[in-house]
Amino acid sequence: MAYKVGIVGAAGYAGVEAVRLVLQHPSFELAVITSNADEGQRLDSMYPAFAGQTDLAFSRHDDPAVKDCDLVFLAVPHTAALAQAPGLLEAGVTVVDLSADYRLDDPAVYEQWYGAPHTSPELLKTRAFGLPELFADDLAQAAEKHAAGQAVLVACAGCYPTATSLAAAPAVRAGLVAPDATIVVDAISGVTGAGKGCTARTHYCGADENLEAYNVARHRHTPEIAQILGRPGRVLFTPHLAPLKRGLLSTVYLPLSSDAARDLTVESLVDQYRAFYAGRPFVQVLPAGQLPKTSSVAGSNVAQVGLAIDRATGTLVAVGAIDNLCKGAAGQAVQCANIVLGLPETSGLPTAGLPV
Amino acid sequence: MAYKVGIVGAAGYAGVEAVRLVLQHPSFELAVITSNADEGQRLDSMYPAFAGQTDLAFSRHDDPAVKDCDLVFLAVPHTAALAQAPGLLEAGVTVVDLSADYRLDDPAVYEQWYGAPHTSPELLKTRAFGLPELFADDLAQAAEKHAAGQAVLVACAGCYPTATSLAAAPAVRAGLVAPDATIVVDAISGVTGAGKGCTARTHYCGADENLEAYNVARHRHTPEIAQILGRPGRVLFTPHLAPLKRGLLSTVYLPLSSDAARDLTVESLVDQYRAFYAGRPFVQVLPAGQLPKTSSVAGSNVAQVGLAIDRATGTLVAVGAIDNLCKGAAGQAVQCANIVLGLPETSGLPTAGLPV
Amino acid sequence: MAYKVGIVGAAGYAGVEAVRLVLQHPSFELAVITSNADEGQRLDSMYPAFAGQTDLAFSRHDDPAVKDCDLVFLAVPHTAALAQAPGLLEAGVTVVDLSADYRLDDPAVYEQWYGAPHTSPELLKTRAFGLPELFADDLAQAAEKHAAGQAVLVACAGCYPTATSLAAAPAVRAGLVAPDATIVVDAISGVTGAGKGCTARTHYCGADENLEAYNVARHRHTPEIAQILGRPGRVLFTPHLAPLKRGLLSTVYLPLSSDAARDLTVESLVDQYRAFYAGRPFVQVLPAGQLPKTSSVAGSNVAQVGLAIDRATGTLVAVGAIDNLCKGAAGQAVQCANIVLGLPETSGLPTAGLPV
Amino acid sequence: MAYKVGIVGAAGYAGVEAVRLVLQHPSFELAVITSNADEGQRLDSMYPAFAGQTDLAFSRHDDPAVKDCDLVFLAVPHTAALAQAPGLLEAGVTVVDLSADYRLDDPAVYEQWYGAPHTSPELLKTRAFGLPELFADDLAQAAEKHAAGQAVLVACAGCYPTATSLAAAPAVRAGLVAPDATIVVDAISGVTGAGKGCTARTHYCGADENLEAYNVARHRHTPEIAQILGRPGRVLFTPHLAPLKRGLLSTVYLPLSSDAARDLTVESLVDQYRAFYAGRPFVQVLPAGQLPKTSSVAGSNVAQVGLAIDRATGTLVAVGAIDNLCKGAAGQAVQCANIVLGLPETSGLPTAGLPV
């Protein structure tokens, strides 16, 4: 059975990545793609990689076909999802939101960081947080509701929070990390993470052969990471931009909590992490001594995690690598959709990157 | 039914691309991968993108498991295939060779350009030339022989010749190109085309932020292109290296043959090309006015072709874009294998690149 | 003695390259930089590489300080120079124009290719064509006029025409190239050549890991190359875009004119070229067998030329490498200014690129 | 007066950067360049950017001309400098060492981290530590000794320690950083930092489109950073590799030491830093709110520093950007040489990067 799927905001990078995945999904039929700014334009004229794949053209967000879908992926900027999700849910459409609008539990925190009031805070109580490996219950409940005929809302985790949390959460949840410690998160992303809009920063000649940090001490993913790890106010997050298209590497510094923790070996930590992620098809914990490279996972929905222990300072250094558009956005969205719809979790998702 | 497949020379770039494709092929079972220099090393330790995909490790080329295969892809340097193919064929193994060893019809030309005598010229008469869209009969005959129980040999076309010929052959075969004209072929390739070996040219700091031409007037693909197009001695081929990993663009200058030809419109030429390639799943002829980008096809087995006519000089400019490792090597090899084995031609092959 | 210099259109890439060169020029004092869109903004806030170098901020093009300059570099788009040059010349300011507005001898050709009428065709008769190595007389005459107190106009050659002509002109002028032959020019440029404006093509994610041809059979540099080489209607020019910032490589195919020409050795051609360019500080003809790499000249005003002969087709393949912003635009402009002002030709110009 | 200068290990990246700078230095005459592996090869054949600049060819390290120099730059791997420096000093040659061999005060620490015994520990007491902005006295004393006729030894700081320390030292030395806190240093470097040797990591196809951390918790620059900042055992350093040639960005996390410190504004910190670096020509502290980009300084000897304060965790985030080959190696070496020889500190050094 093929679910009728729509993608709102399909012209942006996360949106078109969703298009790519939905087009190759055995149980999805891509019914409508929307982009107000590009209404009428064929998808394959904007993205020639789709030549011969589909004749779809962009509609407007308010195209009635959207509400006819079984499931809609929202790939629009923050506040735009606030505007669209309630109406879609009301129309019985299950919504998988790639934006930040429904991620933060506390609407006051949302308002503080995103500069806009949260217009549907009641949905924050019922939505599933979309990071399957760390919030399996949320999605399990959403799947039950869906099976019972309800439209559900999933708020997919952001790209930096995904890589960061997959690398850090097992240690944090195992109580290995000092309770009041500052958790430094230093991450690097390729330029697709900055979005399709043209700026001095995203112009090829601004980004090429350059490294820079941005939004230091004020990036919106800070409260999201803190929420996922359960460490409000203790996360210090610095994103950086590097000259590549896809790829996100997050290096997380976790001060270990006690001498017992400090006597851990990397080998045993790797075992703990593997146990934590047992049965999860999209997280690979590398052997002790090996650290992940983003090129290993680019184009796929896999996250690779590597661990090291710095004895001198008693710190666990956990490194997570993902493709920011796939596992960091659209791939994770499809993965969540699969779970909610009761499909195999890996359906339609690439499980390996290109070797070179 | 799963065919037992081996890949000889699986550690190089073309070889590991073949590994990637075979691993995801519904009818292939990857039985053995060889690399003398890396004997014993796990594939996923050399190429972490394969983590969780396979436990295979490299054997030596003379591993008996190779001769137990139904089909073997040879991804070794020229002359190494000469050494291995005869023995494999004798053992009843169908061989798909990615090297140049069996491409050229005339062993004297091979010796002239590759600097080594051809040690099994008799195979040149019976091998199928592996460029399905242009030599369908070769592969159809090979498929018949295989169905009749024979081991067959396929010599896959080279990367530059593939992009070049797919762009040029329809016009040449239609008699549109002046008979004695010099055909200028100016192509650009990403660095995977230069191979895995480390040189000043392939070191990141040698290739990055650099453009250069190489092997001007002496590149070995010259006679191959000339043979495919049926224009011996009339092809002038200049390859260039550019800073990207995968991607190959060939711009072919075809002097048109008569006023009739010169009155052609691009639209009608596009129609002619589309008719020529009708039913071929891996060649897309872009609409008049559109030219191909390698990023549209990177990671896929698709070739995109674009056409333009320069009235002032009476020249057809045909541009072909491929992924040099996929359609330019391993993807084409799998495509040929599919045909020879009587499988759907697209089996296991990626039909679309990443949109971004 | 320091000349007061202004740069109109200093915010674009060619303009800011001119800023860089003028700031380090021993005889120039940068008095004013203009950009209507960025009026009031400090240069070093738009381009942090200038931190500590200057406190200049952008003025408007009509800032009276512009007409107070001894010499002004116009780095504005075509037609904008048409609007500004006459007024500046009238005010006694010597103008070095980096745009195309005064390059083409024939205003009808300008109108045909640039889609706008030429509003000061009389200036085309008196302007100096700015490619010093090939039009020394033009600049010598301009220098005389300037010494006599006249304001002069220099129209700097475009980037593709510069690399192409430096590679081809010696052979063409020596009568080695068949008179009616089509001259194929196949060139590749880095993305700075596409300008500062943001488009799908210049967005990092559009340009990275991609190769494409553009403006095939219709690029405006076609008539300019034909004019420089004296081959109207015989030039077929195809530009390509590659993923790097600075660098332009032009491969020129010159059918040789006679058996005499065909018996030339590359060594003797190299000697001829070196004789042609004797005493010219910015053109280096590489030894026989060596071809230029753009990374060798990036950041400098040097052009490197390499030669090869294809015996089979009787073609001289000449390759020219430049930095498209320096020798291809602003560096050439400063070089012309030096000559016109009677300064050492190399004054303030970088004579070597970075080795790595 | 021109000092006779030699460069030992001139074929590697740091060495050839030293060649570039020495060739353009008004007071240096490049007398000899050595590379055992490349004995006899012309410099400009290995590095065509030097065409027309010099006819020098590589000698062997034991070329007597080396000991005839006034000053020699050692750009050889660690332990190779140990082998050469004593003999050169004895011969009266002033030695500026780019390697790690004489950086660490404690020979036991050297042995622990570099895996080799220190063969001339007595020199550690007398050598000057080569980071002019932070160890001005060392170089002032060396200059006095040199003026008095002595040969002196300078040990230039490493690339990561340079960027890190310039960003962090002013705050640490002002007592703003909590005394026992772990100082996290998370840095990213372009591939020239990995050296000229070819490995899977430095092959274009290994480095392009990839991000990775390496040598986590065990990079040799850790003790050097700790020594410079005076925080033994408190530094946790993670280097990363990104796809660019030149450029190094270091993000340093400095937990602030008291409420007083936590009430600092970025503006006042910027003022403090500017006071600290007053008169230093090669360090630019960016205005509050601005963070450095490596492209601003690539090709130059400038370090740019930016500051931010994270109130939630009470951490100063200091970011330093340099060109790893220039200010991170050869530029710093020339800067030190200038000071030791009593020349203007900026002599021969590029003070600005390319704007684009």
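Per-chain numbering from 1; labels A, B, C and D assigned in written order.
Everything below uses one rule, namely that contacts are C-beta pairs under 8 Å (C-beta built on N, C-alpha and C of every residue); 3 or more make two chains touch, one makes a residue touch a chain.
Since the structure is predicted, the reported quantities are computational estimates derived from the model, not experimental observations.
For the two copies, subunit B and subunit C, the CA superposition rotation is 180 degrees, given to the nearest 5.
Between the interfaces A-D and A-C, more contacting C-beta pairs are found at A-D. Subunit A and subunit D have Cα centroids lying 39 Å from one another. Centre-to-centre, using mean CA coordinates, subunit A is 37 Å away from subunit B.
Computed from the mean C-alpha positions, the centre of subunit A lies at a distance of 46 Å from the centre of subunit C. Residues of subunit D in contact with two or more other chains: 13, 192, 205-206, 208-209, 243-246, 292-293, 295, 356.
Interface residues of subunit B facing subunit A in the complex, by the touch rule stated above, are 13, 16-17, 19-20, 23-24, 47-53, 192, 209, 245-246, 284, 286, 290, 292-293, 295-297, 299-300, 302, 304, 325, 351-356.
Those residues of subunit B whose C-beta lies close enough to touch subunit D in the complex are 13, 46, 191-192, 196, 198-200, 202-209, 243-245. By the touch rule above, subunit C contacts subunit B in their complex via residues 182, 184, 186, 188, 190, 205-206, 208-214, 216-217, 222, 233-236, 238, 240, 242-249, 251, 253, 255, 291-295, 298, 306, 308-315, 317, 319, 321, 356.
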